[in-house]
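Order of writing sets the chain letters: A, B and C. Residues in each chain are counted from 1.
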Amino acid sequence: MTNNSKNFSVTVRVWRQAGPKEPGKMVSYKVKDVSPDTSFLEMLDILNDNLLKAGEHPVTFESDCREGICGSCGLVINGDVHGPDEHSTVCQLHMRRFKNGDVITVEPWRVKTFPILKDLAVDRSALDRVMKAGGFVSIPVGSAQDANAIPVEKDKAEEAMDAAACIGCGACVIACPNGAAMLFTGAKISQLALLPQGGPERARRALGMVEAMDREGFGNCSNEYECEAVCPKEVKVANIARMNREFLLANLASKR
Amino acid sequence: MKLDAKIPAGPIEKKWDNHKFSLKLVNPSNRRKYDILVVGSGLAGASAAASLGELGFNVKVFTLHDTPRRAHSIAAQGGINAAKNYPNDGDSVWRLFHDTVKGGDFRAREANVYRLAQISNQIIDHCAAIGVPFGREYSGLLSNRSFGGAQVSRTFYTRGQTGQQLLLGAYSAMMRQVAAGTVTVLPRREMTDVVLKNGQARGITVRNLLTGELEAHTGHAVLLCTGGYANAFYLSTNAASCNVSAAWAAYKRGAGFANPCFTQIHPTCIPRSGEHQSKLTLMSESLRNDGRIWVPKAKGDHRPPNEIPEAERDYFLERRYPAFGNLVPRDIASRAAKTVVDSGFGVGPTGQSVYLDFRDSIKRKGADKIKEEYGNLFDMYYQITDENGYKAPMRIYPAPHYTMGGLWVDYNLMTTIPGLFALGEANFSDHGANRLGASALMQGLADGFFIAPATVGGYLAAGKFEELSSGDKEFTDSARQVHDRLNRLLAIRGKRTPSEFHRQLGNVMWNDVGMGRSEASLKKALKKIPEIREEFWKDVVISGADKDFNQPLEKAMKIADFMEFSELFVRDALERKESCGGHFREESCTPEGEARRDDENFSHVSVWEYQGPDKAAALHKEPLTFENIKMAERSYK
Amino acid sequence: MDITFIKRFAFTSIGRKAVMAASGLLLGAFMLIHLAENLLLFKGEAFYNGWVDFLLTNPVTPFLEAALALIFVAHIIAGTWVRVEDFINSPGGYEARKWQGGRTIGSATMLYTAIAILAYLVYHMLTFRLVDHSMGFFQMVTSAFRRPVFVAVYVAGSAALALHLSHGMQSAFQTLGLNHPKYTPLIKVLGLLTAVAMVGFALISLYYLAGIDLKAAETGIEMVVIQ
């Protein structure tokens, strides 16, 4: 069993907002007897169970896989996107990062393209609409040739995988001083630009996805690389440069 | 309930081709007139939606997530099998078929498994073509690795994130159809019921998780791609929202539930640390390629592991299975760990774990090489446990991971309800009593990309459909029932939270129906579960309103279904008095403690039919015959 | 005629940024040339005035000037547009918010340094371009450099320029898609060197303010002349 003597108490200040159009405010709660082995979200689970028992509605927050891959969770904790651990999602953060008596400020992701739904949950569907605009290779089922008929340079394949590692959590948008989705969009455009499979649709994809991104109201890139610093999957800003290149070339050299 | 597996006649190699030819086709210009409802957007759901959309059907996809890309397929790490034989090491469709049937301990249907092995190659071709960044060699060709104890290298992978990349591939193919207008994605919807008309599945009701509204959707076919139910154990490697509710709703409408007790307990998970743990994290079993699993030879040896000399360590897998050693299949590795822990040799603060030691391979290959191959897993272990796996052995323990059981389907992947299909982990079809590593992704995509598009089309072309609107009685009745259940839950206002009940249920499931099951433990569980359920309906506390974004209510709905389902699970385990694959009946073992299958009495699929709320389910049996592979005892010694 | 491709330079995020980056790079290059020209002051009055004469009487010059003005206007319009959008989009309302990445003083103050540069440019035009040039350019420039108020403004302008370029130069390459693991580190260094070079403007003015040229003449020491 866990060593209870190590357990401690924290105060969490959480953004509470009953609905998309309701006013919100920060509310403080004390959470006692937290084990350092508890994850941050499990600490919120404890808080929520306490609230339920006290007749209050629990804090709404999103999470699913709790192993850092589904991209559901996302909070700003004490001013840090996805919390204080580098290149990690909130679900991987553990309470041993905090100490007895800490006051922890927990805020939702605030950007106009991700409207708040309730408490800490936001709507990130804008990212799906960007994907819809070209984040795919148009090969129908049944028409593919043998997989080894398309050799791909190993370094390129690795680079494509680096870009493809994106989990669509949206942290890059939140970290960006301008609320841009350049790292997200750049990662997808890059992945498919690096692979020969994506070749025939490069121009269409770059123009379509960038225009969709603009339509959603995501911001501009000021090349400050805050996105790269918080990305849980360490997606690199070189992908943004590649997107810029793809877009400019598509605009000047393609028929579109 | 009539169980007709509809296995096509002819030699096994020709069955699928013959069957595809015998299926009727829907005229291309008529396809858009058919509405297909796909529930779930994981590998099976997204790929089915994509390929049905490509054919021109009108597809609606429902997911409980905020976006289809979050489905739990994303968490699969290791890889995807295919019989490509690129490494020229003797693989073939036949060998993959053979290994899967044998690995499943002869409790799967031969024809289905053969088809899966056949399609496996097409999956790799298609996924590579749509831009899945598979691992490659310097030649530019695809890279393979050996996985899960297979003696050939047939596993394709994208680092340790194969599930993620395949899911994103299927998702992107589906988003292409969204752009083309053939697929509509409805996120944040939880399926609450299947709606039947004249015995056919003709629609579903779903709860909009943001508004709480119950919505009715009509269709000509319904595809359940809703994953597995390992969360019945509360702690599992599954994501928090994985549930049995959709399958359970189908069961209550007459779909047979097959082999519910077949659960895979994955051996290499990070052990539980305390009461508030919400999930167990799996580390890829590739760790077993280089890590050695051991416990101290003396009971209650509390010395730090590095101080325990070689002679006082029991490498129990290597000792018991000298031929396969640490690479025995998942079920065997898990059970062996349980045996040593139950006998008091377990390690760590809870005594509920065993060591996974890289000392020797670090010595042999160098720390850098180990870091290169497994670095992300060591990091993950460190992040969760605060322990350094390079310096001292990691601790691992098995955890519920995958469920081989599921809705019974015929060769067309159709359940016992006409028009209701089940794909991927949600069905029971291909893995028998134990799934081999890297086969889940293969099955999800085979079902979605290749099988369902053919068989669903065949069903629609041959079927007759009455006019139906979402305002019809069938839908309003269903919505009323769901509404009543929701409000009954909300009205309880008891004292204990949904999570507390879930944990209580999970403890019973884990302790009495987990890796080792005996008649006594199962009977105990069968007594406890209804008590917990009764208590749940008296004392659970949920706040908030029905028509709202209400997470406690969502959770309680899922747990309410687990409470009912678990009982069926236990009854199935009790009924199956043999040990096979992941199902280990303590009464049915060899003198050395190995599982003993009973082919004479249990070479069948157990299919359960719902009889009403307070009546015991009826058991039907689909006999399994093996014409192509000789039934043999699985031995990994 | 389909002019979508031109419109994209105005109406898409990356198009606008590309205009800003390309014009910025050209302006940066111009500043380096300008600095080189200023260094010609050290070659003496006759040489300097001769060079200016050559420039002013050259028939190409008006075109170059017009092009420069256009580039400048494009830079300002694209930059303002981007910045206004950023202002609207910028996430706000956090109680606590930390920056973790590459946000620097230079990058965070692009708008302010831009305004300072523009203000300085107007002042520069008023003092050097739109005035009576009868005393000769060398005299006009050096006498301005002996006025403390002018030099103070001039030093501040150069500092703003240096700060602006410290982010702007390498950023422009990224915006134009020129990022490569081999070359980007070099580009970043060269970008910073360009920014640092802008301090040269200030140093030249300080040289005259301190009267080093006069002292050199008094003491009879030969002035350092770049031949």
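Quick note on the criterion: a residue touches a chain if its C-beta (ideal position, glycine included) is under 8 Å from a C-beta of that chain, and two chains touch if they have at least 3 such contacts.
Keep in mind it's a predicted model, so treat the numbers as computed, not measured.
*Asks:* Point out which chain occupies the most central position, where each centre is the mean of Cα atoms.
*Replies:* Here the chain at the core of the arrangement is A.
*Asks:* Looking across all chain pairs, point out the one with the most C-beta pairs in contact.
*Replies:* Contact tally peaks for the chain pair A-B.
*Asks:* What is the chain whose Cα centroid lies farthest from the Cα centroid of subunit C?
*Replies:* Taking each chain's C-alpha mean as its centre, the farthest from subunit C is B.
*Asks:* Suppose each chain is reduced to the average of its Cα coordinates; what separation in Å results between subunit A and subunit C?
*Replies:* Subunit A and subunit C have C-alpha centres separated by 38 Å.
*Asks:* What is the distance, in whole Å, between the centres of subunit B and subunit C, each centre taken as the mean of its C-alpha atoms?
*Replies:* 63
*Asks:* Between subunit A and subunit B, what is the gap in Å from one C-alpha centre to the other?
*Replies:* 26
*Asks:* What does subunit A use to touch subunit B in their complex?
*Replies:* Against subunit B, the touching part of subunit A is residues 1-3, 19, 35-39, 41-43, 45-46, 48-49, 52-53, 55-58, 60, 62-72, 85, 88, 92, 94, 96, 117-118, 121, 123-125, 127-128, 131-148, 150-154, 157, 160-161, 164-165, 167-168, 191-192, 195, 197-198.
*Asks:* For subunit C, which residues count as touching subunit A in their complex?
*Replies:* 4-5, 8-9, 11-18, 82, 85-86, 89-104, 107-108, 110, 167, 170-171, 174-181, 184
*Asks:* If we count contacts the way the header does, which residues on subunit A are in touch with subunit C in the complex?
*Replies:* Answer in residue numbers: 13, 26, 76, 78-81, 105, 107, 109-113, 174-180, 207, 210-211, 213-214, 217-230, 237-238, 240-249, 251-252, 256.
*Asks:* Show me the residue ranges of subunit B that touch subunit A in the complex, using the header's touch definition.
*Replies:* It is residues 47, 50-51, 54, 65-70, 72, 74-75, 84, 86, 122, 124-131, 133-142, 158-159, 161, 164-165, 168, 171-173, 175-176, 178-179, 185, 187, 210, 239-241, 273-279, 281-282, 349-350, 380, 383-386, 449-450, 453, 495, 497, 499-500, 541-544, 548-549, 551-552 of subunit B that touch subunit A.
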